[in-house]
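I've put the structures underneath this note.
Consider the two complexes below, in which chain A is the common component and chain B and chain C are the respective partners.
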Partner chain A sequence: MSSSAKRTPPPPVYKARRASLLRSWLWPARSNLGRWAYTMQRVSGVGVSLYFLAHIIETGNVVGGLSMWSVPAYDIAKNNWNNTVDFLKNPLFDLGLVIIGFLLTFHTFNGLRLFFSEFGYGIGKPARPDYPYKPKSQNTLQDLIIWLSAILAALAAVYALNVLFG
Partner chain B sequence: MEISLSVSRSTPKRHFEEFTIPLQKGMTVLDALIYAKENLDHSIAMRYSCRMAVCGSCGMKVNGRPMLACYTQISELKSNRIKVEPLDNCAIIRDLVTDFAEFFSHHKSVHPYLIRNDVKEQDNPVKEFLQKPEEVEKYLQYSYCIKCGLCYSACPTVAADKEFPGPQALAQAYRYIADSRDEGIQKRIDVIDTAHGIARCHFAGTCSSVCPKGIDPAQGIQLLRRYTLSLKR
Partner chain C sequence: MFFLGDYLRESRIMLLHYFSGVGILVSGAIHLVLVFFVGSYEENLSFDGGIFSVIAVYRNFAFAFTLELLLIFVAFHAFNGLRVILIELYQGKKWEMSVNWVLTAIAAFLVIYGTRTVLLARLI
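Presenting the complex of A and B:
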């Protein structure tokens, strides 16, 4: 960064700012649809990341955890497999999978919307604003994709309900 | 008819105070506040000047949404209970008055003025800088910004990251980058394309939905991001 790019240091952060932080960050009430999508995208992102972590640990367990590098004996592997399957036989985990199905699908489709928007597609062209000011980037196409992501996510969750009975 | 105006007070500790205001035709939220200050409690602190959505001083949260008090008629709120609070994402100085130092420092950081390589020519031009109407359209709406801070206070990323420049500053960066007369693009990219910079925007679009001047910061930010990703202007 060149020296000319240095900005005036921001003033100290006050207590008052911190107090409302969580609300103004994640609470979308009385806001536009895109803001709801923002919260969902953040929450689903964190949820899916945690799931992947748990998934890797779980799968690692099945093949024998860290000892897999030294090729586990067949019995150990079989034992681990059975233990893990027993451990996961729990409606709570099944419910978790249904929720993950919802979050993952929403994150994917809404993520595609964000991806294209970031390259300037579907956000309209700058023009002279006329009353009543309707921002072009908050258009029907964007809203439609957000709703579509939510509907597809709900369908994925319904499909995933199978695990509860399977 | 009367309305009840509930005002957020900061001393001794944050609380709400209720005032009953006689409603008049065409009354704005600011008028109601001025009525309360003149007749009911002189100690209410608020900031205003132009009373016509030009100076950008009277931004506050009205019934939970950032708005200009002078630009919001009570009749359009469709409720006779009105709650006014100071803007989010800013420190409170007193009652409805918030500290904009951080907001302005972000605005200043993006070099919000025309930059030319030939400084001599810029200061003492020998002829006009010509622009086609289509070139003006590219940045015109962003030049209407009155620095009211509504978008800044509505932005969820600003809430989470105080070093993020915020929608107003980023939209101003776009305003000058999109201007065909400007040559300072790299200077601004250096400021905004950082770890806390433009990539932190996740296109919630709340900035655009609250702007009282019809500016679409979310759009400007995405267009600017397109530039940082693909160098396409």
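Presenting the complex of A and C:
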């Protein structure tokens, strides 16, 4: 192979497959509850990650943000913090916090389900697949925990609505 | 990273992912309790004046340490989660190396920046 050999570009079909993969991640139509939980776990994880990024930047303002790298005076720090809180106190950011509360709660409880599944709890013992070949791991307990996560997430959103708008 | 390849294999990274999740459950619960479930929300969000106000929480060693642990756990958990998603979307040596280095750099920045906040806020 000479170094001037051109790399062949990937066939366009790959791009189309990637797009359809993304679509089926985000909207797993005609799939079971566990598959929906998978999508929700990822969407909520990305959402909370973005909030984490913003939260670290936001709380960094208490000591003066990126512009100050020494210990600020007490009054300056207090002023910085009050300015940050005032800036964030509006219905748009409050609604964002309600959504984050929903996503975080769902991610927590569904994540606990995944934690126990990882170590084999709650998914049944391995057994010979028999007709009608229903996977033992996708059982009522798993479905119940997924629904419970959704209900607790909704309750957390209601609580956040009450704190921020009530 | 290349020199950790044998030890930090995918299954062990996922174990770290699960246990950092449990760590977040504990330290995050303490964080949320300190903001929402003790005293009043308004007072806890103000700079000073309450037992659980911003500056009081930073000055308490145990609370500040919990925040630092939460920072490290979430930085690992969040960016490993993003890595898993991005590597499942597309495969290739170049892509995976880029994903690893870019995400590690952002996570490291967030840990350093957050640690700076905790350390400086304790000295105010």
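Here, the second predicted complex is superposed on the first by the 142 of 166 C-alpha atoms of A that agree within 3 Å, B and C clash if a C-alpha of one lies under 4 Å from a C-alpha of the other, contacts with A are read in each partner's own complex, and residues count from 1 in each chain.
One rule holds for everything that comes next: contacts are C-beta pairs under 8 Å (C-beta built on N, C-alpha and C of every residue); 3 or more make two chains touch, one makes a residue touch a chain.
Given the structure is predicted, the values throughout are model-derived calculations rather than measurements.
> For A:29, using the defined touch cut-off, is the partner it touches chain B, chain C, both, or neither? Pick first, second, both or neither.
first
> When the two structures are overlaid on chain A, which partner does A:52 contact: first (chain B), second (chain C), both, or neither?
second
> Which partner chains sit in contact with A:37 here, chain B, chain C, both or neither? Use first/second/both/neither.
A:37 contacts chain B only, not chain C.
> Now for A:21: first (chain B), second (chain C), both, or neither, which partner does it touch?
The answer is both, since A:21 touches chain B and chain C.
> Which chain, chain B or chain C, is in touch with more residues of chain A?
Tallying touched residues of chain A, the top partner is B.
> Considering each complex separately, which residues of chain A are in contact with chain B in the first and with chain C in the second?
The answer is residues 21, 42, 114, 118 of chain A.
> Which bits of chain B are touching chain A when the two form their complex?
Going through chain B, the ones touching chain A are 63-65, 88-92, 99, 101-102, 105-106, 108-109, 137-142, 144, 153-154, 156, 159-160, 162-163, 178, 187, 190-191, 194, 202-206, 208-209, 211-216, 218-220, 222-223, 225-226, 229-230, 232.
> If we count contacts the way the header does, which residues on chain A are in touch with chain B in the complex?
So the residues of chain A touching chain B come out as 1-2, 4-5, 7-11, 13-17, 20-21, 23-26, 29-32, 34-35, 37-39, 41-42, 114, 117-120, 123-124, 126-131, 133, 135-138, 142.
> Which of the residues in chain C end up touching chain A in this complex?
It comes out as residues 14, 18, 21-22, 25, 36, 41, 45-48, 54-55, 71, 74-75, 78-79, 81-82, 85, 89-90, 110, 113-114, 116-117, 120-121, 123-124.
> Over in the complex, which chain A residues touch chain C? Could you list them?
Per the touch definition, chain A meets chain C at residues 18, 21-22, 42, 45-46, 48-49, 52-53, 56-57, 59-60, 62-63, 69-72, 74, 77-78, 81-82, 85, 108, 111-112, 114-115, 118, 163.
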